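One chain, chain A, links the two complexes that follow: it is found with chain B in the first and with chain C in the second.
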Partner chain A sequence: MNTRYVVKRILYSFLILFIVITLNFFLPRLVFEDPAEPFLRGIPDDEFMLRNAVRKEFGFDKPVWVQFLVYLKKFVTFDFGTSYIYKQPVFKVMFDRIPWSMVLSVAGMLISIVAGIVWGATASTKRGKAVDNALLNYATITTAIPSFWVALVFVMLFAFAVPIFPYRGAMTDGYSLSINKAVFFGVAAGAVALTVVLYKLLKKPLIVFVTPLAGLIAAVFAAVPASDIADIAYHAALPLIVICLGSIVSYALMVRNSMIAVVNEDYILTARAKGLDKTRVLYGHTMRNALLPMVTSIGMSLAGIFGGSVLLEKIFTWPGMGTLLLEAQNIGDFQLAQAIMFFYSFITIFANLLTDFVYHKLDPRIKAE
Partner chain B sequence: MSRDGGITLCAAGLKAMFVTEAGFLKAVEGVDITIRKGECAALVGESGCGKSVTGLALMRLLQTPPALYTAQKILFFDGERATDLQTATEAEMLNVRGRKISMIFQDPSAALNPVMTVGRQIDEIIIRHYGLNKKEARSRTVGLLRSVGVPDPERRYFSFPHEMSGGLKQRVLIAIATACRPALMIADEPTTALDVTIQAQILRLLRDLQRENNMALLLITHDLGVVSHMADSVYVMYLGKIMEEGTTAEIIGAPLHPYTQGLIKAVPSLDDDSAVPLQQIPHNVPNPMKKPSGCSFHPRCAFCTGLCRAKMPPLIEYGGGRKVRCWRYIPDSSANGGGDD
Partner chain C sequence: MNKKVKAFFNLIKGVASDAAGVLVKIWRHRKGRIGLIMVGLIILAAALAPLLAPYDPKTPNITEGFLKPSAAHLLGTDANGIDILSQLIYGARVSLMIGMISGVSVTLIGAVLGIVSGYFGAVADNIVMRIVDVLLVIPTLPLMIILNNYVSSSYLMMIFIFVVFGWPGTARIIRAQVMSMKNINYIKAAELAGAGKGYIMFKHILPAVSHLLIMNCALASAGLMIAEAGMSFLGLGDPGAVSWGQILVRAEKDAFTSRHWAWVLAPGLAIFFTVIGFMQLGYALEDIFNPRMGKSGNMFRQFRKIKASDVAAAFDSMDDIDFARAVKIKSAYGGGDE
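Here is the complex of A and B:
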């Protein structure tokens, strides 16, 4: 992969980002007769003075292209103004919520990926046996049932009928998270540095995924007191179970199917004919090829790490980005909603870019020109 | 032909079957194969006759399930020692595979791991069997690449399979298969997937390496042209059974079995009289799950009799070590059938 390709790919990502934010600007103007309408909601029609004041404040009195330039300026300067609900800078509001979404999604993803690989790999070697049949049947069931429904049922069962778990929130009421920011960012920065050094030394592309993740977890455990972690874990248990129920199977099924496809490849026969033992064939040849599709799928879900799931967070009243988006939407916090949309697009495009680079490193067949 | 050097491999009663959703498939039904030191034995037959399965079964490389296989014995002679591969443990087999017996496959594009450099794939077998470190392995690998005719081996070491042509990939696979100077190489249609010009080069390379290393070669092919260039002895296989065996001169020059005769008539270059049109054996190979009664070749045979339909002939000695499985060569059987069809 040469520098020209990297530069090209990054520029291309910016182009997509630009298209997305441009659409974001024009779509509401196509949908609503009066783009100021969401802002004027609740203001009586005859309050002309007030209505015009609102129009003026949000710049709707200016020509569209001026509005567009003002809008674009926000992205260039990263200044999305102040949240209407929270009366705080929009970015601060958002960054207070991101870690909560990450608690669920990072833990959920780690558990699902590890369990998915183990289950899928085992099922692929024991086709037609109990592990394999269980996976196939279970996959049929989970794909047929939407996860929000499972979430509702679980809340009813395990938070109300049999109250093992709390039904709402991320911490017990009255508690608040105490986090040592200096330690957190210290360890996190250390992890980033370690990633760079390890990658330079070992040249293994997976380091780009694994080291920052391990660093993040280390940072959390270093900066947050154990009692807080325990309380969060207790609150996160039920949503995590719901997340994992769905995603373990999808990872496991993917691993199983690509393992089965790879095991029948001639190059596995070549590897076995060399006299390599089972373990070497499995890790050196089968896994390396079978897990390639996983990279794309993990990369795709990277955006969800920061974004959270709107429905699940809503059901569990989890204070993450998903619930924040809903609030902003319902109350009409235009500035906040705009920033969240931008953040989602940015993360998605960035995650795709990263996945692309890692995939290129892992699969030499993809020519980067 | 080096027929004086003793035996390298002697398999008897080799059977392999597959339990599939469609049914029970007997791919190999009691095959005896003997390969002498340094000689090239060819295993020929049409597609689906069980040639590849035979090769894999000899190395115990078939996946079980779906495969099941047995043999009375698979004796492998290594110097003074004889090992029965049939009863050897998997750990013993790991030391035989790649080191004592190696294998190359039909499609070089599919037989190399696409995400590993070819150099590493050769290193791997050297490290596995000689316990060298990476650096030592690499210098050997470069030497091997050179010996199989890969140009610019220092650079090619770092190539990925997709960056090489089919011929080069097959050379890499040959490098892997000769890395430990095995006593026997099983080559399963090594040139079928290659261009005609490349085919000749690869065959010449195999032939040279075989002579240099005094290596026995089991050449699996359906190409009788290849057989006549390469092989010392020939096994003709049809639907899991050996139909005829003998030296190349005997089989090509004076085939006994109607199936062998049919195969030879279907090859243009072997037909010295160009006025005689090419003849294909009528009909296709039957589904191996529904093998015909009696002699499995009888529905396609011009000499078919009632006896052929009723009973599979035994593989009998036909003088001078050659063998054939056909009622026509079993003296008191001709009276039973006669002229029918």
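Here is the complex of A and C:
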């Protein structure tokens, strides 16, 4: 992977980001007569003074190109103004919500990956048997069921019919979470440092994934009181079950298919011919390569980790990014909605970029031009 | 009889007998028969909704609100006293309409752009693929939520968004397939014999990818029906229409506290039934139309890199935040076009 390729890819990512941002600005202006309309909603037509004041406040009185420059400045400086709902800087509002989305998505992803690897590997070694058929049928069924309906059914079953779990919110009394920020960032920084040191010493790519994750979890446990963690876990149980039920299958299928593809490679035959036992070949040779596509998949779901799922968060009134977007929409907080949109695109584009680089690093067969 | 009229009748006869032949093939296919019956039932329900539905799905009847399932109301009534079974039957219309219109459009646009960019390569490919790159990173759901600020939500808007952001998936699938077969001998032979590019694309390449297109159409329709339910559930559908997603919105509000389980279960099961039907039909059609699956054509199987499950994965769970779509399309094809 040469520097030219890296620079080219990074520049290209920024170009895409710029196009997305530009589209975001011009689309409403091209399609609709008055882009200020959402801001003026609820103000009577004859209140000219007020309408003009609002136009001025949001810069709609200036020529379009000035508006565009002002708009671009927001992205360059990461200053999206003040949220209309929360009366706080938009970025602060967003960064208060991201950890809540992450609680669900990181935990859900970890459980699904582990379960998916186990299920997929078992299915690949027992093709056509019950485990394999169960996986394929389960895959068809989960594809055909809307996940938000599964969430509704679980709420119905375990929050109403048999009321074991709560289904609203993330904590019993509001979101009065006391995080010791110094401890959190201390442990997290320690984990990053540890990752670098370990990678330099051992040169195992797995370290890059496992250590920061372990560090993040350690940081959460160190910075949040145990009683709060228990409370959150209790509230997160139902949404987590729904997330895992849906995402286990994609990981399992991926592992199964790539293991089946790898099993017929010559080097596996060589390994067996050398006299290595089946288990060793399965975990040491087959799975090593079969897990490579997982890297892509995990990298690509980074955006989902920070962004959460709008539908699930709505159903469980989980205070994450998805709910924030809906709030911004319902109340007409345009600044906030715009920032969230930018955030989603930004994460998606750079998660793609990162995944590409990591993949090239891990798989020597791929030669970047 | 006029010659032209005769030719026209022959064409119609030919198309009809082809269609009948395909139907027979579907019926003989195990998955095809299941899919045909399921989709047939749903289409019938949607078409005959006014006859089948016992009540009007829009007229409120306040005195009969929150009724539990009974002989008069098989699935009970909602807060306004509207029969849920009737809403369910009419809901099939919305689901089928949105799913099929956007599924067909996505497939057509994706097919044209995929074949053109795969076959011509160079500049055409570059332009199409760069547009794909941009479209795949725009999060659809947030965009719709934001656009909702400007126009009142409608099904036209929803279909528009589905089509604009749906075709890149199809285009990528078709492009990959076209690129892998561009250098096969019979295509080269046709080129050497002097066939034009348009002729090759329509006479040789299109038939070779038609099985993928048909399957793609069925699976995209299925996936977009799920997406429609999710969007309607978020209030992004037509507020005046009766759709399965909207039945679930009201169910979420009232069914839990009134312990009216059928209200929650029925719309989801209806979606499940329809989507499974379309998927089975899609897999069956893929088998039937795949030219390489024939007894003599096994030498081509090595080119059959793209499997039904990949296409399914590409359209899987679009109701999630929709990064999932980009993720799955990318992972299904091993990292896209680099």
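The definition used in the following text is that the second predicted complex is superposed on the first by the 366 of 369 C-alpha atoms of A that agree within 3 Å, B and C clash if a C-alpha of one lies under 4 Å from a C-alpha of the other, contacts with A are read in each partner's own complex, and residues count from 1 in each chain.
Basically, a residue touches a chain if its C-beta (ideal position, glycine included) is under 8 Å from a C-beta of that chain, and two chains touch if they have at least 3 such contacts.
All values reported here derive from a predicted model rather than from experimental measurement.
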- Overlaying on chain A: chain B and chain C, fit or clash? fit
- Item | Which of chain B and chain C A:274 touches, first, second, both or neither | first
- Partner chain(s) touched by A:362 [first = chain B, second = chain C, both, neither]: first
- Query: Under the superposition described above, what is the C-alpha centre angle at chain A formed with chain B and chain C, rounded in steps of 10 degrees?
  - Reply: 70
- Message: On the A-aligned overlay, A:293 touches which partner chain: chain B = first, chain C = second, or both, or neither?
- Response: second
- In the superposed arrangement, does chain B or chain C reach more residues of chain A? C
- Query: So, A:332: does it touch chain B (first), chain C (second), both, or neither?
  - Reply: second
- Message: Quick check for you: in the superposed arrangement, does A:218 touch first (chain B), second (chain C), both or neither?
- Response: neither
- Using the superposition on chain A described above, determine whether A:111 touches chain B (first), chain C (second), both, or neither. neither
- Look at the superposition and give the distance in whole angstrom between the closest pair of CA atoms, one from chain B and one from chain C. 13
- Can you pull the chain A residues that chain B and chain C both touch? none
- Note on the structure: Given the complex, residues on chain C that touch chain A span 133-134, 137-139, 141-143, 145-151, 222, 226, 229-230, 233-234, 248, 251-252, 255-257, 259, 261, 264-265, 267-268, 271-272, 275-276, 279, 309, 312-313, 316-317, 319-321, 323-324, 326-328, 330-331, 334-335, 338
- In their complex, what parts of chain A are in touch with chain B? 263, 265-267, 269-277, 280, 284-285, 288-289, 292, 362-365
- Using the touch definition up top, name the residues of chain A that touch chain C in the complex. 16, 19-20, 23, 27-28, 31-32, 35, 37-38, 139-150, 152-153, 155-156, 159-161, 246, 250, 253-254, 257, 293, 296-297, 300-301, 303-304, 307-311, 314-315, 322, 325-326, 329, 332, 334, 337-338, 340-341, 344-345, 348-349, 352, 356, 359, 368
- Item | Complex interface listing, chain B residues touching chain A | 56, 59, 61, 63, 93-99, 102-103, 105, 107, 110-116, 121, 124-125, 128-129, 160, 162, 173, 176
